[in-house]
Amino acid sequence: MMEDERYARGLSILDAVDGESGHRVVDSLRDIAPDLARHIVSHAFGDIYARPGLQPRQRQLVTIGVLTALGGCEPQLEVHLNAALNVGLTPEEIVEALIHSSVYCGFPKVLNAVFVAKRVFAERGLLPVGAGRPGEV
Amino acid sequence: MMEDERYARGLSILDAVDGESGHRVVDSLRDIAPDLARHIVSHAFGDIYARPGLQPRQRQLVTIGVLTALGGCEPQLEVHLNAALNVGLTPEEIVEALIHSSVYCGFPKVLNAVFVAKRVFAERGLLPVGAGRPGEV
Amino acid sequence: MMEDERYARGLSILDAVDGESGHRVVDSLRDIAPDLARHIVSHAFGDIYARPGLQPRQRQLVTIGVLTALGGCEPQLEVHLNAALNVGLTPEEIVEALIHSSVYCGFPKVLNAVFVAKRVFAERGLLPVGAGRPGEV
Amino acid sequence: MMEDERYARGLSILDAVDGESGHRVVDSLRDIAPDLARHIVSHAFGDIYARPGLQPRQRQLVTIGVLTALGGCEPQLEVHLNAALNVGLTPEEIVEALIHSSVYCGFPKVLNAVFVAKRVFAERGLLPVGAGRPGEV
Amino acid sequence: MMEDERYARGLSILDAVDGESGHRVVDSLRDIAPDLARHIVSHAFGDIYARPGLQPRQRQLVTIGVLTALGGCEPQLEVHLNAALNVGLTPEEIVEALIHSSVYCGFPKVLNAVFVAKRVFAERGLLPVGAGRPGEV
Amino acid sequence: MMEDERYARGLSILDAVDGESGHRVVDSLRDIAPDLARHIVSHAFGDIYARPGLQPRQRQLVTIGVLTALGGCEPQLEVHLNAALNVGLTPEEIVEALIHSSVYCGFPKVLNAVFVAKRVFAERGLLPVGAGRPGEV
């Protein structure tokens, strides 16, 4: 497989998974680190996302866990919460994944992630999540 | 003990420790993850803060250490620096706890935490801290 | 719901998910922090794992992401890689989740996690994983 | 104040707080990084621990919070749990500080810290902690 | 050596390495933690940066690696990317150091760091970096 | 460029930089995650280390900074301290890079890294480092 094909395959997966917010990241690197954009497309998407071993929704559950635990990666979490919705995770599943993470990385990092989710869901008209269930809070 | 009592006990401790900024966090979760708010109230406050083994000021010293070291948790640190003042730690003790932390987690994370403290203290009219001591800087 | 029921529900889920290695953690806390064991059972398992919003396999994918990213949590990762197998993730899916994580938290933390997986899989007679595929490495 | 006095002051505080395990760290650096040992003594102890703003027990509560949250610092945590006992924190207070930390940095890092505490307390004949209280776990 | 000399030496190195942005940090601490500023000047610069064992450019390469990996330290990274340019690292070398870091700490933290670099380079009229090379992205 | 060439180039650089300890990592993945080994060789070494923008010694200074700051990556640090020596950094420069890091990530993580260096240097007959300078500690 040639480098060009690897890059093209990565770009096509980036397009399908991250959509517009993925392209914004690539574009924003153009004048500072275009090679980093190229490696992200070719390696992260062309090499790794292209692998058949997990379904797209499974990949995003893992990604949400990693980014929530790392902390300080809110911009990337925003891209990947959009990606999670793009590949078919529901807002309820995403919120549940974040609540679940609190057991392992504590409430503060999870609160940071939930407020990113709130912004992403609001932009896509998906709020409120889990409302309408009486007796909570 | 019933779930309702646990939640009520947690809410009462949240109120006493975190005050208004704690309630703002709970409110901000209403349309995205009300269950997370419920677990924070019931578990963090109803289960853990309710335990008698440490005094409130001791709990906040530990909390300041954890949040400073984690990094990226400035919003939660803001809540807990307010909490620290609410339970009787002085601005001088808080700043000293942050300076002490630098030995173990380095200056950058401590600087982040100190600038949160500066904002919290300013809002409560507590600046300058430690000024008036001649010969410093 | 009473505290006792919450604890019993948590213990039953701990048993189903973590199995023997979960009980070993609880036992090992008996002489140092029995209350921590109780909170883990009641809150982590009785409150959070008991929630219906994600399937057990989804929960373990998130957990693997969080623990790999945190780093330094190899003993807990060992428990949860066993849990992942217990709830039906395959060795191939687990390895794929770890490879996927490398994009987001780098190769070193992933290598640490993979070597825990190697130990867990070896104990359960699940090695080699992904071998037999010609042309790799 | 001369460098020599600063170093001497630091060594005296290291001696009082960390005791034998602090000296072991300094000794172990002799053939690899003696200057690092000197900076730890002069700066961490001579500059920071020498400051009057917090009591020794308060300093160790902050330290326990920071080291638990950082993760992967079990050897240093061992030194500082000994220090915490040396300056008068009880095993019960130390365990409570660790349980409290779980709210903010999750159960896995706290479990790592608790198992260090178990080793430290065992060496000093302080186990079991909190046992004898009926009805727990 | 007297404390005053140590502080003066530190201030002179801070001035040479961090320049204006270093002084802004010191100034911003004046009303909240002037002693922290003093320790940073005396210890970080007067003790450590004053050591002859590494050249200034080597020190900034290490610093960039540490701050990128920690995450959440964007304000300090901004100071040190300015410092890196001040001591003679080129924008290309800085970007290369960040791309290199992605292998070890993953793409998200590196993206955060690259966007800080973009801001720093823009303020100093150093954009675009690495443009003009045909065939990239 | 074909995948095969990329892998071959990576393997040749892995060989030159990491030497035997790099090959041990690749070998140890054979029965659990051979594809991870392949991606490390092709991407980390074939893509990134192959780039001309930094000299090998500069790359290892950045790597040491990242791995020290991450924490919990002692096995990978062992590989890269060997790599650092292989490409010509001296033990004194490596120790200085670690001492420098303490400013930014605190003493505990640096102590962990120094004890890895002590083991690596001992195996290669490079101890003591920096001894013979009178008056220290």
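Lettered A, B, C, D, E and F in written order, each chain numbered from 1.
The working rule: contacts are C-beta pairs under 8 Å (C-beta built on N, C-alpha and C of every residue); 3 or more make two chains touch, one makes a residue touch a chain.
Fair warning: this is a prediction, and the values are worked out from it, not measured in the lab.
Looking at which positions face the partner, chain A and chain E present mostly different ones, since fewer than half of the interface numbers are shared. Chain pairs D-E and A-C differ in how many C-beta pairs are in contact, and the one with more is A-C. If each chain is reduced to the centroid of its CA atoms, chain C and chain F end up 29 Å from each other. Averaged C-alpha coordinates give centres for chain A and chain D that are 39 Å from one another. Multi-chain contact residues, meaning those touching two or more other chains, occur in chain C at positions 35, 39, 43-44, 48, 51, 66-67, 70-73, 76, 95, 99, 102-108. By the touch criterion given at the top, residues 1-3, 6, 35, 39, 42-43, 47-48, 51 of chain F touch chain A in their complex. Chain contact summary for the complex, chain C toward chain A: residues 43-44, 48-49, 51, 53-54, 58-59, 61-70, 73, 76, 92-93, 95-97, 99-105. Across the complex, chain E is touched by residues 25-26, 28-41, 44, 66-67, 70-73, 75-76 of chain A. By the touch rule above, chain D contacts chain A in their complex via residues 102-108. Chain B makes touch with chain E in their complex at residues 71-72, 95, 98-99, 102, 106-112, 114-115, 117-118, 121, 127-131, 133, 136-137.
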